[in-house]
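This is the structure, below, for whatever I ask next.
For clarity, chains are labelled A, B, C, D, E and F in written order, and residue numbers in each chain start from 1.
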């Protein structure tokens, strides 16, 4: 709570380096051209204040993220975070299992669509 | 996949005993009076086919469940699963952390409402 | 399409008399005190333009309505339309069946909550 | 409830043959390559336990399915089920009517998007 | 409330001319070929009864529309209404600001997706 | 972007004093007892980083907030923000108009529920 904004931004940058490849991070920066302030919030708040916290590992955080994205049908972001989930150590089997567990909470359409995208990401790895 | 339906129902019953107190399980059975078939699906499919699977622990499954319930705003069910999460070993700190992580994916209104309910459940424990 | 607005309002009023008891219709009119224009749109557009159309029966329309309300988690309105569904001829068995079918599309939390409310409405009938 | 899992899978397969063309069913099986267990649940639970039940016809079940998909904005799945709805006997007029009825429950954006997709499916028939 | 249906349709047409380019309006009319009745409701109710009302300006109405579309993840319609918002006088800065404000209510995934689309629309202007 | 965290917290506090009565702000602080970190994020990010920005007035920000809450069915938070909207200068007529405009984007159930709550808040003022 006494961190200044540089600290928050730097913490967010470090997390993003663990989650995303350089290529993905460069792609994300297109947002910076439209709105530097949104970019700053993504890095400082989204990754710096939230992901960089203790108590849960990045692996656990990606499980939460994947579940929320599937539940709200945010399939473009799901693609990016499926790769991030693999990068921080979730296995394909665990991701498949997470999607199957979601059937009971979101129904088949979202689970099946998520599994199709997971299949594509798995092929690239 | 060669399990018969008794096996599925029994597997579901065992999981429910780990997740829920006897009182909660008795309360859930009111659904059985309205629709015995829905009850059977809850136990055999919901808990027997989904929760009883391997690869993820019950602790991890409750993290997924909590996240999906928060994301879809299903706060009545959240109450029951917050208690289940504590029962299978998630700590208060981890649950608070999960809710905070969700801010970035669902916004403040759902996160704050979830935290308020978590506070009530924590008091009872 | 050449109907004037009185015709639309009257068509809506007639449908509402088929769907809802006098008590329910009186309760609904509280909206009229806050916004007469919203009330007019509910009657003229919601019931006059939509429900009073041909091609689907009121029974079929209530099946659609119940499904949409369950899917979006609009449980207060679900209560009113469960009674309307019974009033226009859907049986308890058909309503239970509709809710069970929804499991595959919305997951258990919303289906179970809907079934609990259906149980309450069935008791009053 | 005493059905074993082969019976459930076979019941699901028979329903899927009524709903979907061979081409669509073959396409669906890609899911099987990613997760044979998800495929088994789609067939045995989704179609075997849910669609193969009595009390509602396949025509009525597709009305429920279309409505839930429109309400949750699951437009990829809507495409497949619009064709299924035609296959089991819903007419174009009834489908158009269902979408129009939904305006009152989901607003114009989802209804208009659904109608656009329905127009594409109708052209192919 | 004593308007007849021609008046409503004409009022809707006038609003649509303020919001959308001729090209967009022509594209929208494809819906008319599939369902003339849906088209009539879009014009007479959606634009005639709702947008043509007093008390809020078209600029304010587009702020409401953009927010609802972002919140429900209706990104195809968002594209059209981002252009409409510019047409009736919202500035790029105000639109960016609206999207940033939404972070707190819908989370990052929908806000970032909206900002990406806004960037594309801004480039065309 | 060079603000330190005290500045952000203080900016958030000032906005909250404009939006909410002392009683409401005291009630909100219950969250602080459960999770001081969530409270800090609500104040520093939610109100300090988002609401305290320029380009849009608090009146416009509350229009966006109300619309997002109605669209996602967050009716508990809607209650608090309807009062906040009145506090920063939106009139009852404008709020009613906003809810009516939403019909076209979210359908009647959410709009009617919002109007009912608005009626209650208006009575208290």
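By our rule, contacts are C-beta pairs under 8 Å (C-beta built on N, C-alpha and C of every residue); 3 or more make two chains touch, one makes a residue touch a chain.
Keep in mind that what you see is a predicted model, and the values were worked out from it rather than measured.
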Identity of the chain that, by mean CA position, is farthest from chain C: A
Interface numbering overlap (same over half, different under half) for chain B and chain E: same
Between chain E and chain F, centroid-to-centroid distance (C-alpha), Å: 23
Distance between the centres, which are taken as Cα means, of chain E and chain D, whole angstrom: 30
Between chain B and chain D, centroid-to-centroid distance (C-alpha), Å: 28
Junction residues of chain A, two or more chains touched: 37, 41, 45-46, 53, 68-69, 72-73, 96, 100, 103-109
For the chain A and chain C complex, residues of the former touching the latter: 103-109
Touching residues (chain side chain F, partner chain B) in the complex: 30-31, 33-35, 37-38, 41-42, 46, 68-69, 72-74, 76-77
Chain C contact footprint on chain F (complex, rising order): 73, 96, 99-100, 103, 107-113, 115-116, 118-119, 122
Touching residues (chain side chain C, partner chain E) in the complex: 1-6, 37, 40-41, 45, 49, 53
Residue numbers on chain B that touch chain A, as the complex places them: 45-46, 50-51, 53-56, 60-61, 63-65, 67-72, 93-94, 96-98, 100-106
